[in-house]
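Working notes for the structure below.
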Amino acid sequence: MSGDARACDVRLFGRQAEIAGAGSVAVEVVAGSTTCAEVLTRLGEAVPGLLPSLEASVLAVDHAVASPTRRLEGDEELALIGLVGGG
Amino acid sequence: MSGDARACDVRLFGRQAEIAGAGSVAVEVVAGSTTCAEVLTRLGEAVPGLLPSLEASVLAVDHAVASPTRRLEGDEELALIGLVGGG
Amino acid sequence: MAEVWVELVDGPLAEADEPGDVAGAGARLCFAGVVRPTEDDRLLDALMYEAYEPMTSRQLTALGEEMASTHGLMAIRVEHSTGRVAVGQTSFRLTVWSAHRKEGIAALDAFIDRMKAEVALWKRPVFAATEVEA
Amino acid sequence: MAEVWVELVDGPLAEADEPGDVAGAGARLCFAGVVRPTEDDRLLDALMYEAYEPMTSRQLTALGEEMASTHGLMAIRVEHSTGRVAVGQTSFRLTVWSAHRKEGIAALDAFIDRMKAEVALWKRPVFAATEVEA
């Protein structure tokens, strides 16, 4: 499937969901090419209000924190984990 | 009563009572003259086994920790508080 | 191998019985986080907690295992609310069992710092209608 | 002014209900000391605790008041056994209520260090008949 571009939803939570006004934001992923770091960049382009908090956020891929250099296929479950903890 | 010499019991607890083989040891107190520091010295003379632990002990007079320079009348309740805490 | 228990609970944590004994543990330390009445000087009604399961439970379990290993704990138990927790109610409880006090305190403190920095848990304030005078 | 509760109990501490809330406290921290099965590599049956009342309670109260003032606690509760406490039983429980976690941890740790160094409380081991192999 390498080379296919598709829109993938990135789930958002907490304050970041409030800023985006939505529980998810779609970004384009090119299968086998787009990295997690690029997804974060595209999130910031799609919702500039997220930019200040992206530095303290990581992308979760299929419910595990992923390396910024990981390349995506486009069929994974993506979530933005912003660091505003519980307790 | 200044100048009267009398035997005063000093209560002992825990390991220090075990070393002395008794819950109290009598020391001589001269009313208005003998200090708390001198009571500790006399305890060490009466029970040499107590000497190693006296440095980490204080004398309580009527249930309050007393200054080493305090002079006793001989009618106070005296207790050796060795520092081997609970918990 | 230390025991690690993790539980996410919908709504406030119920009053708990005193945690049980773990064989050989000389120290049991329990931290409870209670929703405070104000945030940023504004009166609060509640906090809303959100998790992202199963990632949240997996992260809490992994963090518990790491703390148990690093600090030599015998057991660790994590309970955290999701959803609405009103002022005065308990939203978080962490219990650690260790041989001695010092490693229990270090593990408890480090767990909470790490949880706040790393775990997929979010909270949002629900402010009361009336604001506190400045 | 912080609330300070001190209680000396004859024998092991009973299982406690979860400590109540103190208004405005965001953090409640409870330490329980349990008699461990060995001391100096020897099997233990129990520890015998001895207090010297009323000095012991006075010292614990004064120490609680000092910790509350120094660390800004809202309340502190001290429970300590006297007499025999068997292996696995609880001999000491300290609960502190504070606005936030960090000052609660600091106060709890400092209280116990100071108690062990200063308070009129003694413990003696009661060893089991059989010794542990070297």
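Just a few scattered comments:
We just call them A, B, C and D in the order they show up, numbering each chain from 1.
Quick note on the criterion: contacts are C-beta pairs under 8 Å (C-beta built on N, C-alpha and C of every residue); 3 or more make two chains touch, one makes a residue touch a chain.
Fair warning: this is a prediction, and the values are worked out from it, not measured in the lab.
Via touching contacts only, the remaining chains, with chain D excluded and nothing moved, are grouped as A, C | B. Work out the mean CA point of chain A and of chain C, and you get 27 Å between them. Chain centres here are Cα averages; for chain A and chain D they lie 49 Å apart.
Chain centres here are Cα averages; for chain A and chain B they lie 72 Å apart.
The set of chain A residues that touch two or more partner chains comprises 87.
Of all residues in chain C, those touching 2 or more other chains are 33, 101, 112, listed in ascending order.
Interface note: chains touch in the pairs A-C, B-D, C-D. Of all residues in chain B, only 11, 13-15, 18, 60, 63-64, 79, 81-87 touch chain D in the complex they form. Contacts from chain D toward chain B in the complex involve residues 33, 49-50, 52, 54-55, 58, 80, 91-92, 112, 115-124.
Against chain C, the residues of chain D that register as touching in their complex are 15-18, 21, 23-37, 88, 99, 101-102, 104-105, 108-109, 112.
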